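Working notes, structure below.
Note that the chains are named A, B and C in the order they appear, and that numbering of residues resets to 1 at the start of each chain.
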Amino acid sequence: MQVKDTETGFFIKLSRGEKVMQTLTDFCVARGINAGVLHAVGAVKNTEIGYYSLAKREYFFKTFAEDREVASFTGNIALVEGKPFIHAHAVLSAMDDSLSCVGAHVKEAEVAVTLEVYLTPFPTPFVREYDEETGLKLLKL
Amino acid sequence: MQVKDTETGFFIKLSRGEKVMQTLTDFCVARGINAGVLHAVGAVKNTEIGYYSLAKREYFFKTFAEDREVASFTGNIALVEGKPFIHAHAVLSAMDDSLSCVGAHVKEAEVAVTLEVYLTPFPTPFVREYDEETGLKLLKL
Amino acid sequence: MQVKDTETGFFIKLSRGEKVMQTLTDFCVARGINAGVLHAVGAVKNTEIGYYSLAKREYFFKTFAEDREVASFTGNIALVEGKPFIHAHAVLSAMDDSLSCVGAHVKEAEVAVTLEVYLTPFPTPFVREYDEETGLKLLKL
């Protein structure tokens, strides 16, 4: 990981082999970032993405082992039980002639080539709390 | 809807059942937001998305009744005939084993679980005006 | 191209027929923008997008001649050999009943109807340098 401070945030470059969610979460912990938004482009592999079934009240995840382009990656940072948690969704395109896309909630991904992230922190923490209706930890603003 | 002010904008949480475009437009009216950009992640249903055919000079919309992840949602805010108008495009992924994506211009969507929006307002209004060549209300900067 | 300055960046409208990457790169050169991030929505045609095969150490590009919605477009700006270079990934949806998406690294695209871009510049340049391991010009932060 390499980081460059800008006037409004951090430009972060993750390198081949780094775990995206773990590395970015560790960065938030280290820098005391308890609220923010982020975007990224790059390429990943061993990606675990999925969706939340409200009917079954559980997440379903699927792993894509192959290299995929990160066509889009958008997320935010909030505190869950006092620790920074990154909530991100991504669109991943196939590295073949189809260039077809899958998309979902990101559990984890490993950088395949590079991942270029822009993270804007906010000074006042956002907090997620368990929501009985949905079974999810939702933002309480 | 819950809102938290940040140094550069508003972090907005929409809840299950809320109409995305209507609620965000009402928020812009209430806060006097006449220019800005926004992004979101979450899950929606009863989504009406589509595209503009330049050849036929009309929009074609399609409704997706089922819950879908909002893998990406990007847009901007400008005045149309003096009122804030949100122009947003989204990528919506299927909540099934395919995780396949559809994407387009967003007409309306209903929050299925939650929608987490970050909106950055700008003080000087953007304006859209009817453009004869395309038949659309395009930005006039 | 029309441009409006905001407090934190530039809102840019590209018009039908303009080359997206060339026009935005020229804008960065003209304004001395050597670092930044950008997002866009709109519609494009004659789009050349593709992916980098790490195994073969080369890019594979595919051209989509037809009009497509820009469902998502995210990128950043850095210097390559002293000149601004835009690295952008996009998700493009079909203007037919499928609304299906393709996504990848953007080489070039032509504006089909309009493209609405928000660009945030940073004062300190980002630099890309050739990386022996991947064969790519990666950010050196």
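Everything that follows uses one rule, which is that a residue touches a chain if its C-beta (ideal position, glycine included) is under 8 Å from a C-beta of that chain, and two chains touch if they have at least 3 such contacts.
Since the model is a prediction, treat every value here as computed from it, not as a measurement.
Between the contact lists of subunit A and subunit B, the overlap consists of C. Subunit B maps onto subunit C through a rotation of 120°, based on Cα atoms and reported in steps of 5. Distance from the subunit A centre to the subunit C centre is 21 Å, each centre being the mean of its Cα atoms. Chain contacts: subunit C has residues 8, 39, 72, 91, 100-101 touching two or more partner chains. Those residues of subunit B that touch subunit A in the shared complex are 2-4, 6-8, 11-13, 16, 39-41, 43, 67, 69-73, 91-93, 95, 97-101, 112-114, 116, 118. Of all residues in subunit C, only 8, 35, 37, 39, 49-54, 60, 62, 72, 74-76, 87-91, 100-105, 120, 122-124, 126, 133-134, 136, 138-141 touch subunit A in the complex they form.
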